[in-house]
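Notes for the one structure printed next.
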Amino acid sequence: MVSLDWYVVLSLIIFFIGMFGFLSRRNIIMMLISIELMLNAVNISFVAYSHYIGDMAGHIMVFLIIAVAASEAAIGLALVILMVRNKETIFVDGLKELKW
Amino acid sequence: MELLWEISIIVIKIVVVVSVVMFHVAYATYFERKVIGRMQMRMGPKEVGPLGILQPVADGIKSFFKEDIIPLNSDKPVFYLAPVISIMAAMSALAVIPFFDGFIISNINLGILFILAMSSLGAYGIVLAGWASNSKYAFLGGLRSAAQVISYEVSLGLSLVGVMLLAGSFNLNDIVEAQSSSVFGFYAIPQILGFFVFIVSAVAETNRPPFDLPEAESELVAGYFAEYSGFRFALFMAAEYIGMIIMSSLAVLCFLGGWTVPYYVLYLFPFLGAVPGVVWFILKLYACIFFYYWIRATLPRFRYDQLMALGWKLLIPLSLLNILITGIAKLII
Amino acid sequence: MLNQIIFGYFAVTMISLALIVITRKNIMHSIVYMLILFFHIAGLYLFLNAEFLAAIQIIVYAGAIMVLFLFVIMLLNLREELRKSRFAITWPIGAIFVVLSAVMIIISVFGNRFANVGNVKISDIEKVGHTVAVGKLLFVEYLFPFEVASLILLVAIVGAIVLAKKEIK
Amino acid sequence: MEEYVKIVTRDRLYKDEMESLMTKFLFLEIVRGMRLTLKTMFKKPVTRRYPKEKRQAKPGFRGLHALVRNPETGNAKCVGCGLCAAMCPSKCIYIYTREGDNHEKVVERYEIEVLRCVYCSLCVEACPFQAIALTETYDYAAFSKQELFYTKDRLLKNWDDFMTEEKKKRYFESFWGPKTSFFRENESQATFKGKS
């Protein structure tokens, strides 16, 4: 039997990999992908906790998180399109001005 | 020991299903060429073997021995991977289809969801092929396919919700059982709206004419597989035909009663009860596949904006209406 | 023993896939690896008796969200990322921040263990099927969050259209 | 004009609003199309399977060349006047003559390069002796250029092979006989008209 701690550690590692990706990549689509990675890591820990504690609430949370992730991806990609249309780059370095 | 026995049974089932389906894929091409030929007052394949019956074998041998050309500036790993993703997504959906009573590779509770998931993965093969070929035609084909699959998956899934509501299960076996004990014997009559939406979206989902915009011959050469040749091209073709078989069997299982015959037909013609279930299944399957060819021979290709408008403005509202009606009816009865 | 081997395979593969995903120069490759990662996550859900979530994971994440990413990348058709460096110059600061928050979260997660244990047994879920169990809970106890989630999706649809639509002249 | 426009507009297709609406909602147009394709499926195909069943050429078809064999002498009718070669627009006829023992003209070689021929049949019209003909044969594809270079013997053989009695008669009576009576009456004399 695998203990719960292993699942939590796995989820944490993936979460921090995603976080590092979000903080250090400059490509905005890669940053969005890193966010998806982080959300997935959280999902893993939710499902693992739910399984070990014996409470279905975690599964519901995963369900809602997936819905939020879908809307986040839609809005994020719409913003990417807007950014490419205005700045013609997908690198966050391009967004230097505070106002335009 | 018992585990070994179970595993060997599953392996035997997989071998049987894959070989039978590949045989049917090969002869689905022959059937298509014959049917469309006759509809256009031609003859179709006739030279290889008696009545051209060996044509699929000749095609297979030809595509197997053709040169495998890889474009110079293509993204090679993705280029190699794309047809494999395509065929894998198509083939793995076969695992949950019950061909007759009790014959199913894996009887999981999420049969319909699994098939929907796999059919949506098929888009990856197409999109990645279009992107990796580094060619304008292939690229446009991939782009169109991505948009088309995203749009039509919604209505495909929603059209099946009515069936799920009536049967109360995702399991395809249970759905067939529920149908045979329902009033009409199959769900195509109470779910006529859902059936219509399902047919249209299934044709669009498998990129078949009149929704074959990703591979429109007259505008995009061959669309996403313009740069593929030889065996990889054959893999794409096989994936398309397996997708057709999957969608047809989903229609048969969810709307046409699977391997069962409605009880009133059996009451009228009792001798039909002696016909084994797999024969009914294959007959219904081929009727569906024939329908694919029939509309291919009849209808011209849709324009791209018409396709999107049909998906979002007609099919999705219709399927939502179907869910509403089914839910209310279920509540009342 | 078999459980541990399966978990070990999943853990090692998922971590290496996650590392590969965030270090690829080409976004397309990174998305392909992300797809494989999603499959592994779905496998892990199956391992944890959550079939419905595994199916949703593949349908929504792999089938819709990642295809949307692919679609946008192809729509923009940008090839400039291949010439630029992978990470921002400030990546060590990010790494330090990650390490600090890792320490903080690990202390808080492993320091306070949960007290209340739920009463749902795996055998109960297996008896009715995971879909039915989730559905009953979702539409009875968590109906309000479910409705809020649908509202969020509606807002996202409207917002995405408003943002990405070209102005009509 | 007004009437024409009215005919091609859509509302003439349906009797009233109701029928138009029904057509739209029940996809009657698509159903109609589907019925048509299903009907044609059971009709006889119009395909001719070419190498197996050959189509009879229409009378007057201009096909492979042949040199007419004189039934009395068993030799070619050609006297080597060179009119056909002179008239040929693609210059694909080569004629070589020499003086015979009795100071007559002997056609030594008569060759047609079939690949260059445009099948205008000016040679047939020019010939005062009806010595050259275009048969109704059309399938004589070959693998080399050499095979399509017809010498005198082969052209005579074409005559024997492809021009049977009845065909020969019909051919010359109805179609390719020289139209002027002048040539028909003076078989013994060849005159070069030149290009006019």
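Residue numbering begins at 1 within each chain, and the chains themselves are lettered A, B, C and D in the order written.
Following the convention adopted for this analysis, contacts are C-beta pairs under 8 Å (C-beta built on N, C-alpha and C of every residue); 3 or more make two chains touch, one makes a residue touch a chain.
The structure displayed is predicted, hence computed values, not measured ones.
Here B-D and B-C were compared by C-beta pairs in contact; the pair with more is B-C. Averaged C-alpha coordinates give centres for chain B and chain D that are 51 Å from one another. Chain A and chain D have Cα centroids separated by 76 Å. Annotation: 33 Å between the Cα-based centres of chain A and chain B. Spacing of chain B relative to chain C, judged by their CA centroids, is 29 angstrom.
The set of chain C residues that touch two or more partner chains comprises 52, 56, 64, 68, 75, 130.
By the definition of touch given earlier, these chain pairs are in contact: A-C, B-C, B-D. Within the complex formed with chain B, the chain D residues making contact are 30, 33-34, 36-38, 40-47, 49.
Of all the residues in chain C, the ones that touch chain B in their complex are 26, 28-29, 32, 35, 51-52, 55-56, 58-59, 62-64, 66-68, 70-71, 74-75, 77, 129-131. Note for the complex: chain A touches chain C at residues 1-2, 5-6, 8, 10, 12-14, 16-21, 23-27, 29-30, 32-34, 36-37, 40, 43-44, 47-51, 53-57, 59-60, 62-64, 66-75, 77-82, 84, 89-93.
Chain B makes touch with chain D in their complex at residues 35, 37-43, 46, 294-295, 297-299.
Interface residues of chain B, counted against chain C in their complex, comprise 75, 77-78, 81, 108-110, 113-114, 116-117, 120-121, 123-124, 127-128, 130-132, 139, 142-143, 146-147, 149-150, 153, 157, 170.
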